[in-house]
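Next come two complexes built around chain A: one with chain B, the other with chain C.
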Partner chain A sequence: MSVQSSSIPKLALQAGSTRRWRTRETVWGLILILPSLIGFIAFYAVPAIRGVVISFTDWDLLTPAKAVGLANYMHLLKDPNFWRALKVTAYYVLLNIPLQTILAMVIAVMMSRLTKSLVIRSILIIPWLMPSVVVGLLWLWLMDPNIGILNAAIRALGGPTVPFLNLPDLAMPSIALINIWQYVGYTALLIFAGLQSIPGSVYEAASIDGASELQMFWKVTVPLLRPVLVFVAVTSVIGSFQIFDTIAITTKGGPVNATKVLNWYIYEQAFTRFNMGYATAISMVLFLLLIFVSMAQMRLMRAGESDV
Partner chain B sequence: MNRRFLLVISVLTLFSLLLGACGGGAVTPAATQAPAATQAPAAAAPAASAGAVELQYWLWDANQLPAYQKCIDDFSAKNPNIKVTVTQQGWGDYWSNIQTGMITGNAPDIFTNHLAQYPTFAAKGQLVDIEPLVKRDSVDMSVYIGDLAELWARDGKRFGLPKDWDTIAIVYNKDMLAKAGVTEEELNQATWNLDDGGTFAQILGKLTVDESGKNALDPAFDKTKIAQYGLIINGAGGNSGQTEWSWLAATTGWKYYDGLYATKFYYDDERFIKTFQWYADMMLAGKIMPLELVTSLGGSAAFNAGKGALHAQGSWMIGDFANNATFPFGFARLPQGPEGRKSMFNGLADSIWMGTKHPEEAWQVVKYLASPDCAKTVGSFGVVFPAQQSGVEAALAAYKAKNLGVSAFTEQALEKDGTFLFPVTDNASEIEAILSPMLQSIMLGQAKAADVLPAANAEINALFK
Partner chain C sequence: MTAPTQSVQTQRRPIPWGKILAWASLVLILCITLFPFWWMLRTALTYPKALFQNTASLLPVQTTLINFKRVLGLISAQEGVALGGTGQAINFILALRNSIILSMMVVVGQVTFSAMAAYAFARLRFPFRNQIFAIYIAALMVPGIVMLIPNFVLVRSLNLTNTFLGVALPAMLMTPFAVFFLRQFFLGINREVEEAALIDGADVPVVFFQVVLPMTVPAISTLAVITFINTWNNYLWPLVVANEEKVRVLTVALGVFRSQTPQGAPDWTGLMAGTTLAIIPTFLLFILMGRKILDSIQFTGFK
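Coming up: the complex of A and B.
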């Protein structure tokens, strides 16, 4: 928060004067963001504020809510299921993000160095274009131990049946795998777009100086790509903390709570156990957590600057 | 360059936000569907006869849809002033859609209800108490088989009229039985006990076969390469274990609790702990299909795919085997435990939503759906056993016409002390959330029943304090 409040006046000063607000560009700008602003207010801001209110109540959705003050938050501190869900979520983020980002980076660099084919770029984002529910169902069948094609292949190669989604130790890595498959192409495309914005002359200069491909990657590509990498890291970490659909389709939090992430726990509390107030309180904690994680990431990775 | 890149990024971000908004709504399709369901007929209202009352009726079983549609058609023919639209939704969406409908004021006027669900709805004032209407119209409650009607009553109130019943039996693959040299007679006479598993365990041993064709009784049997499992169950079973473990646990004399709505559960009873551990041990030995191989598509899919010789299942799935099994199959009686054969005796009923604008007309529909006429109609489709004897006779004739011998289910229902009831209770979903992970971890071999069940049971009983 402090970052924002200190940077806004600075920007205004840079712009020179407040007259800028009345230029035609600003008017058009406002008109253009209006549709998403309406969406933002109706679907994000208002529910978020209502959420704050609900989190201080005991509400079962069907009978009137009762104000309970901080009771939901106090309960949350002592709820072992909440802490386990938090751990499970963090485990998933750790499984998902590093591998996904590294893979996406490799794919993006390979694309930009080897081919700029539109066909390949389109193929890459097909999994991302599929609805998560379809992706979940697809992999549920692929990974089925009895009739799934993955296990048929493993058995044909002489391996044992692998119950990907049905063993507590395997379930979360399997879900991470599914989501990496779904999002790696999209992430690669973002990074690829960032790579396109690095002028070719920089690489020419580097190669004249005798830099190897690897050196160019570490000394030229990565530093110049930092703003994009920060964007990718922040959005994918937020997305991965909010994992829900894949789990809802495949494991439903099981086996033995192995995939009971925060969002699933929130869903369970709200819609199968009718504890809407408590569910909202957990959502609020998740919200604060994500703000904190995102800010830490921006700070650590100096989002605003590239190294040039 | 930089600006164009920012544009690309912001467009992509906006796009992903929009998609995110859709994706994040995975819970809410109900909210958009429910109004759509009620608006559609409303729009068509002018075409219908003026003054006709429009009602929504929901059910989840696609197999039963044609039967109940026929009942509704018959009803409409006699009551032209009441127009009922029947909607079927899969079990997974059904309850969340009903719930969302109740919150937004768009729930169906009448819906098929389940014993695991109705106490919550009743406690939250969402179901019409039909007891006064039953009394007013002097509905004959004695026509309903056994205690089916009583399952839906609480403290002088009544929340549904029963329309069908079900029991559990063992469905078997005839080819596998013949190959293993197990006769159908042997299977029907099987016994079971906690000491050595009785002849049932022996049969499972004979029917479990590895890839080289050796059965589980052979010392050279390789349990890492099993080609055919002796028995397939549907999972760990949750708090009722209806098709999974209730039919063995009950034969030891064990009970969930002391009767409908009792507030003290006995999942810590030694008999239950030993029975459940027997299942887990049999899974680890490969004689029952291990839990990790069952869960994703269900036990019946595995049985129909020829992965096991026996499968414990409820009578509502008879038609599913008839449609999907690619081999000859039959139904056998449950094994006899220390206290005989025991099956859960369970049934569905239609309930009326409190928010209906036409409670009187909705009651007429519910009454008809639970009447002898509708029971005969539903029975004639041969998909389920109606809650009244006349309907059961029609069902038996229909099953016979399809060449399905279903006496294993009906004999069980008629046997003296052969049945017990579904554990109807408050806090059902809380109990499920506590118990299910524990049951799973025992069946996966991660914990011993005796170590974890007493604590889980204490946690469950604490819910009622």
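Coming up: the complex of A and C.
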């Protein structure tokens, strides 16, 4: 990210008041960034540091916080609920991301062959613009075991009633399905935008060299799309690890803890049990985990670049 | 398209099965995307007592607007209970109003202050400019949950829980994304007009408000729409800091409404009327600004 130096002083120089301009530039620069800087310090920088501090305390909001050192982190290592939440979250990410990315890739490639229609792109993006709360409610209704339309359709085809969100084994896959529905169009459009930036001449050259469709896909499209794919993979994994709204609206962590993901566990610890210190410690661990996963992903995906 | 065979009869164009299949799949995907919305509307327009008949009917059963009236508090509580709703008044008008107030506060504040900062980062030189900007960008990576508890503690200690200001404040002065987004646009616009104005003796704020802002209306309005939709959709933060009815926003109100199960099951027709109302503003904005939103997706995709 190159920050260009201002060219205004050059002209101000011609006007013969460089030093005065410099001071004015500094003063106005600082005035203009001041509100944002206050916002940043108050709601980003200080809270980030305060979060670390809180994670070393035992604090129920009512009595003063007690410094407990690493106790929260030690407790976390032995807390089976934490490990289960971590496992449930990882399971969700694995259910969600591969299917979503592949499906998005297929839609994007199909669209790049068929149409650039603004209407079709608009329709694909609609679910992503909706509040997750609305999406959760809507699918809770569609998936209702008794009178939901999905089960009506399954029964009409001669199948048994499927208790999508009410059965521990099915709850997480159902949540993943809901979120794939919400995000696949958006992901497809990101990939589609990437495909549009690949010049047609590259494909022409490849086809003159006698490359097959499949070869072109793997040897031309995928490598040239790599930056976009890395962006999509990293951001969607980060987002997926933080799932909350859909679960808060549909299953509330149940049935039998089957959907109690990390964010839900943090929320529960902080706002129903008022274990502020412990909840913050878990959120710090989640943060570190996300940094680690993103870096691993970027390394893996860049490693693939060398053999092109 | 050259057929490899020589005979005239076989030179008929082959049926493009691949293309037909691809179109069919695309249409199927579009149907899967849109059907839930139709079902939402269909349920909202179904008479509550008729919901259990004809569960598979694609059209509303005994079409009525009663559910919208119900969730907007336009019929009495007893009538509502008789129709299968809860006895409690569901004050969606209030929640809608709250969501509008909150979104407006955040949009106006965030866009104004972020635009000011973005302009300074793009055009003016001042000490630590690049360092401050780099720190803003680094904050883009921090997940929301990390900030949730410390920000809750802060808003609580300022005695601002259950106030609009408390919900709005963390996003009202800036978000790293907004500053980044607008800075990119300011870097892309022509400097000549600005420079001419400065040489004529205009001061920085005059140039910013009278020359630069009018030129960047498209970018500013795109950011405003993105910010509006994000604020409108937000759930966890308002749930935590503003759960009282007087400041409760739509998403939180829907969550409360969902957990009320008057007759053993959620009040589906009422809920779907509520969700339909909740997405109308987004739909309207999208119809007006769809292209800009789509373009901004490409833009953020390549940052």
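Just a few scattered comments:
Everything that follows uses one rule, which is that the second predicted complex is superposed on the first by the 256 of 308 C-alpha atoms of A that agree within 3 Å, B and C clash if a C-alpha of one lies under 4 Å from a C-alpha of the other, contacts with A are read in each partner's own complex, and residues count from 1 in each chain.
Definition applied: a residue touches a chain if its C-beta (ideal position, glycine included) is under 8 Å from a C-beta of that chain, and two chains touch if they have at least 3 such contacts.
Everything numeric here is computed off the predicted structure, so don't read it as measured data.
Of the two partner chains placed by the overlay, neither chain B nor chain C lies in contact with A:Lys219.
In the superposition on chain A, contact of A:Arg84 is made with neither chain B nor chain C.
After overlaying the two complexes on the shared chain, residue contacts for A:His75 are found with neither chain B nor chain C. Contacts of A:Pro160 after superposition on the shared chain: chain B is touched, whereas chain C is not. Touched residues of chain A, counted separately for chain B and chain C, are more numerous for C. Once chain A of one complex is fitted onto chain A of the other, the partner contacts of A:Asn257 are limited to chain B, with no touch recorded for chain C.
In the superposed model, A:Ala279 makes contact with chain C only, not with chain B. After overlaying the two complexes on the shared chain, residue contacts for A:Asp60 are found with chain B alone; chain C is out of touch. Judged by the touch definition given at the top, the superposed model places A:Leu190 against both chain B and chain C.
For the contact definition in use here, the residues of chain A common to its chain B contact set and its chain C contact set are 36, 39, 43, 61, 131-133, 140-141, 144, 146-147, 190, 193-194, 228, 231, 242, 244-245, 248, 267, 271.
Chain contact summary for the complex, chain A toward chain B: residues 36, 39, 43, 60-63, 131-133, 140-141, 143-147, 160-161, 163, 165-168, 190, 193-194, 196-197, 199, 228, 231, 235, 239, 242, 244-245, 248, 250, 254-257, 267-268, 271-274.
Residue ranges of chain A in contact with chain C, taken from their complex: 1, 3-9, 11-12, 14-15, 22, 24-26, 28-30, 32-33, 35-40, 42-48, 50-51, 54, 61, 106-107, 110-111, 113-115, 118, 120-127, 129-134, 137-142, 144, 146-149, 152-153, 156, 181, 185-186, 189-190, 193-194, 227-228, 231-232, 238, 241-242, 244-245, 248-249, 263, 266-267, 270-271, 276, 279-280, 283-284, 286-287, 290-291, 294. Residues 19, 22-23, 25-26, 29-30, 32-34, 36-37, 39-40, 43, 51-52, 55-56, 113-114, 116-117, 119-121, 123-127, 129-130, 132-133, 135-137, 139, 141-154, 156, 169-170, 172-174, 176, 179, 187, 191, 194-195, 198-199, 203-205, 208, 229, 232-236, 239-240, 250-251, 254-255, 258, 265-266, 268, 271-272, 275, 278-279, 282, 286, 290-291, 293-294, 297-298, 301-302 of chain C are the ones that touch chain A when the two sit in their complex. Remark: chain B residues 1-2, 4-5, 8-9, 12-14, 16-18, 20-21, 23-24, 26-27, 96, 99, 102-103, 120, 124-126, 224, 291-297, 301-302, 305, 307, 429-430, 433, 436-437, 440-441, 444, 446 touch chain A in the complex.
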